[in-house]
Amino acid sequence: MADLGSTTEQLCAKLQAAAAKESVERASSAQSPSVTSGLRYRNLGKSGLRVSNIGLATWTTFNTAINEEQLDAVVTAAYNAGINLFDLTEGPQSSEQAETQLGIILKKKNWKRVSYSLITKIRWHYKSEERGLSRKHIIESVRSSVARLQLDYIDIVLIQKADPMCPLEEVVRAMDFLVSEGLIMYWGTAKWSPIDVTEMYTACRQLNCSTPILEQSEYHMLCREKVEIYMPELYNKIGVGLMAWSPLAMGLLPSFKDSLRSRSSNRTKASSISWNQDDRKPPTKENNEPLTARNTKEILFSISLVADRLGCSLVQLCIAWTLKNESVQCLLLGAATTHQFYHALHGLQLLPKLNSNVMAELERILDNKPIRPPMVSTLAMR
Amino acid sequence: MADLGSTTEQLCAKLQAAAAKESVERASSAQSPSVTSGLRYRNLGKSGLRVSNIGLATWTTFNTAINEEQLDAVVTAAYNAGINLFDLTEGPQSSEQAETQLGIILKKKNWKRVSYSLITKIRWHYKSEERGLSRKHIIESVRSSVARLQLDYIDIVLIQKADPMCPLEEVVRAMDFLVSEGLIMYWGTAKWSPIDVTEMYTACRQLNCSTPILEQSEYHMLCREKVEIYMPELYNKIGVGLMAWSPLAMGLLPSFKDSLRSRSSNRTKASSISWNQDDRKPPTKENNEPLTARNTKEILFSISLVADRLGCSLVQLCIAWTLKNESVQCLLLGAATTHQFYHALHGLQLLPKLNSNVMAELERILDNKPIRPPMVSTLAMR
Amino acid sequence: MADLGSTTEQLCAKLQAAAAKESVERASSAQSPSVTSGLRYRNLGKSGLRVSNIGLATWTTFNTAINEEQLDAVVTAAYNAGINLFDLTEGPQSSEQAETQLGIILKKKNWKRVSYSLITKIRWHYKSEERGLSRKHIIESVRSSVARLQLDYIDIVLIQKADPMCPLEEVVRAMDFLVSEGLIMYWGTAKWSPIDVTEMYTACRQLNCSTPILEQSEYHMLCREKVEIYMPELYNKIGVGLMAWSPLAMGLLPSFKDSLRSRSSNRTKASSISWNQDDRKPPTKENNEPLTARNTKEILFSISLVADRLGCSLVQLCIAWTLKNESVQCLLLGAATTHQFYHALHGLQLLPKLNSNVMAELERILDNKPIRPPMVSTLAMR
Amino acid sequence: MADLGSTTEQLCAKLQAAAAKESVERASSAQSPSVTSGLRYRNLGKSGLRVSNIGLATWTTFNTAINEEQLDAVVTAAYNAGINLFDLTEGPQSSEQAETQLGIILKKKNWKRVSYSLITKIRWHYKSEERGLSRKHIIESVRSSVARLQLDYIDIVLIQKADPMCPLEEVVRAMDFLVSEGLIMYWGTAKWSPIDVTEMYTACRQLNCSTPILEQSEYHMLCREKVEIYMPELYNKIGVGLMAWSPLAMGLLPSFKDSLRSRSSNRTKASSISWNQDDRKPPTKENNEPLTARNTKEILFSISLVADRLGCSLVQLCIAWTLKNESVQCLLLGAATTHQFYHALHGLQLLPKLNSNVMAELERILDNKPIRPPMVSTLAMR
């Protein structure tokens, strides 16, 4: 971690120094500087929207209530580094405050609207006031987000989870209403099964409505099946791209390495690698090989040794490993401080080092490469 | 009626005490309390909109002009009890004043828009100024309602009666216009025949417009045919649900029991069980067995004896009997005072007591179970 | 003309006296009084819009610049007589001033928007600034009219003449845009050939746009072919109704009777019975029997004798004769004074007197009953 | 050039004198004067929009920053000459300033909106902030233009270049959104290949969206293939018309004649006849006969001799030659001064002089008449 870690400090200083100068340049010239080596711009799904392959998530604030100044600093650092995607979809908690805070920052900064995109999410529960997904809830939710952000529209809105009680036609018509009202530009899904996304796409085509452009999924070394097996098919067939978020890459498990070395792992904690509390099938059960706490601990320890050898942190290795997958059009990063942010961003420079040898070594350690389950033929049963 | 009646008083006090506390909770937490046992949330038709199975109707004010304070108290009581549907469709009279009054209350309360839904109606007559149903009248009517309510939109708008002089395409396009303008979220019908609803649904599909989600019908022990025979088919085939209103359940015939005991029944009054003045076929003619005033009187007397045995009022029994039918997704209740409201709401707790024995006994008393008329085959006539 | 003429004066007084009282009643009760016997409400085309069979045209102001008070008096008289349709389509001159004036009156009167409908027209010339019919001109024209009228929308907008240089798809999409913007409720055409109307209807169906509901045509005793032969077919097949205007019925040829008696007819004037300057085929050529000035003079003289016998004026007879045709859903009347208006309106009471004998007599005098030209079969030529 | 040149001075004075008077007339009468002989109004593509066959381009300001007064004078001169099309699509530079300036002039002049049309362009680059063509960029770009122009809408918006990374459906839906929002009236393309335009037209039809009406192309004596071979087919089959711009006709190569006579030609300059820096295939390579600097120099010298003989300038001859092609529905002219403008406009009067003899002579000189490449038949290869 030595060489990469030390340059993180330097990069940090270099970038901050460049910030004021750049922001002036960005205002005057149409050509934004892509100071960050490794940062690429890719089309989200098969849409025309090109975003940086790293997006800034505001949800690392969920543990610690960071103050406005810090948030401002992180957002500005990301913008100046060339990141043009800000994510407000939050993890498990409410995102209302984050929307209000980011709205204040954007108003103060007065960046050109063309220079960044925002993502928010429509959340729902049967037991809260909206009582499920519905046209009414979808529209009210987005109108509230727009108001809190003090903007005219949101670039991308995701629907959190499919609601089996709400017909797809209603969802599709409500999203199309928001698009035709100019309140949103694009829409997508989060935590939908590939089959549900495909059915919704079919409903869009049937009703001549605008189609979703992305699915947001958890994706990291310990949670691979959905993204690696099913997302390429969605992209190729219906143009739905992948935006990944990963608790590993976001440093939400920062103490793993230490804990693995110094303490006995907490079984409950270690087995909950997937961030989603409501996932019925834990990711550790993938491929029918339950990841016990012991397994997880050993795996992460082995990987941290690889990271050490490459001269980077575990977080940086996770980021690079995720972006190595071409299906990942954008990876969301979170940071509570500019230092954390630059440290994570530095992971991009690791990408060229992840050659086939390193990837193969990691695959051997993980030993969880997902395979497509065989077709079940009823013929064989006759 | 003893045990249930006495607890009504207690429930009344308990709920009112809980109100202030709850409303604070509702504002802070997204999880609204469903303090009322028996209150359920069901999707209206096959839409995603989930409403309480009891809705508050504002039209019991039609006999007595209740003051604003009382209206406020009833509405607040209903909201705090978990009811999230307020009905302004009114009975026979104008609903303009009710809209204005409810608008003032909602503004004062400042409840979150997501936490309740409103229903209004589009009325028309050939002889009044609008001179029938038309695009012009539909749009003007809804715009006026929205203005009186001081809101941005109405959740559900119903069209009162079909107009044979107005093409279905015009109705469908006008409703779709209101949906696409964001002035309404959903729409439905009231007092339409099942065949008219089905034809309109077909027109919606043909024109790629949003479809109606519910039909509002009178439904009670003495008016059963349409709801029990035809509405399940509408729901299953085209997703149109049922919102029931019942003069019996709303206490609009409160003096029945007394009158049955103490006075000779007024023939004219007793035979007009159906509330609709303009219904060509009185409900008493269903099944070709005319319900004479004598019949009605005897039936209600017998039923009131059952209510006495169950320890509840006739109104409460009627409410529970109506909700026992799974087709009834929502039953509208009216109340002039909070006491009346809690009394009616208490009917929900009767539901578990309506076992098959009680239901069979009621069926024997009523002796009016509707049956589907046989298919007329022209083959047999040859 | 004695009995009917004298009662015109009485009716005039009676109606004016009733006006103040009525307007109050109209405001309070939804049931507008139809004080005028013979006034009926009919659906325009196969739409749901029901208008009085007499509409008030503001275009008799074209000869004399009547002042605002007079215009106010005529409009109020018409409104109080039960007329709910005001026409701003004007004859040959500009209607901009009329729109502004009527806007001021409507604002002052504050009549309910539901109680009346307005019609305006989209005019175009290749040589004026708009340089032909186009999406740009259609939208700009209607926006200007709405602004001058100080209203939110116009009930019906007509397109004056088809433009062979502008594709029907552009016209249809522009009208649909206005409908979907809420700027107009309905649309139609004026002076379009039946084949052009039918083609436009087809384009509407193809593009799933709202269809036109009426064609405005000149129709009177001396101009019959289009209305009597082709308009019933348009109504039956595509639901396009007929709004008639007639220089005869509007008293625009008021001195005919006198001139026929006292002066030698002005040849040039008499032969231009059709009001449209730009009609290529003069109506006098219908049925291949050119109406010479002599013919016209003799015909009108004979008809005026019938009017005398029926105790009415020539204008009143023309009005009744026009409305006798069931295809005429609405006839536009013009008046510069309330007296003229009541006089014309009185023509409605003549309708029952036009029995088959009188109609046959008129037919004998006119001798111009149009007949459908025979189908040209190319088979016969072989 | 004597007779025509001298009359340019006179015409200049005559028109300027007429301006004040005319602008008053234009305001009062609907009939705008077409003082300029040779100026015609033609429908753009197969749309209903009729524009003058000469449009005023504001992009000759690219070399010299002309002041506001001059711009005002040129725009007013054009408007008074009957030109009703103002082009803000600019050449290679940014058009933002031009939009702001023209907005100020239009606001000051207060000309009727119906009397002129504006064209702007949507530009994009992968490396600037918008990062390619997308729904987001299209909508943001047009909203910004509308705001800078201080208008409610723009008449025509063109999309500069196709973006292979942005699906046509997204482009089509975004343009249709702008049309349905009322922000634009028509749309088209600039520098698209005929096959791309045709594919987009197909997408419009498939999605039932409004279709593009024009393609803006470079067209002049030395750049002919696309316009002469492919544009007529686009017009006939899908109604897409041609708006031409030409560096020759706009006097952007003003010193050619002088340079040809007095100086040795600058090779680099002479060979870059096509204005588009990013054209992959230089126009000089058309017909497989590379136009060397020598060739170009000789050709222009020969043509200038023809111009001399016709008594006009090279610029005027180029204008007339371009408009001689019936496919050119509108030619954009640029001028930094009113004198330049009148001089160019005078080229219209040359049109009748371009008889078949002159055209044949020019064809002989140019010797670059494009021919359609032969169909490649795979049959012949068998």
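Here the chain labels run A, B, C and D in written order, and each chain numbers its own residues starting at 1.
Everything below uses one rule, namely that a residue touches a chain if its C-beta (ideal position, glycine included) is under 8 Å from a C-beta of that chain, and two chains touch if they have at least 3 such contacts.
Chain identities (UniProt): A, B, C, D = Voltage-gated potassium channel subunit beta-2 isoform X3.
Only a predicted model underlies this, so the values are computations on that prediction, with no experimental measurement involved.
Judged by shared residue numbers over all numbers used at their interface, subunit A and subunit D contact each other through mostly different positions, with under half in common. The chain with its C-alpha centre at the largest distance from the centre of subunit B is D. Computed from the mean C-alpha positions, the centre of subunit A lies at a distance of 65 Å from the centre of subunit C. Centroids of subunit B and subunit C (each the mean of its C-alpha atoms) stand 46 Å apart. Residue positions 180, 208 of subunit C each touch two or more of the other chains.
The touch graph of these protein chains is a ring, one cycle where each chain has exactly two neighbours.
Across the interface of their complex, subunit A is touched by residues 94, 125-137, 139-141, 163, 165-167, 170-171, 173, 177, 180-181, 207-208 of subunit D. Contact residues on subunit D toward subunit C in their complex (touch as defined above): 26, 30-32, 41, 43, 46-51, 84, 112-115, 117, 155, 179-180, 182, 185-186, 208, 210, 239.
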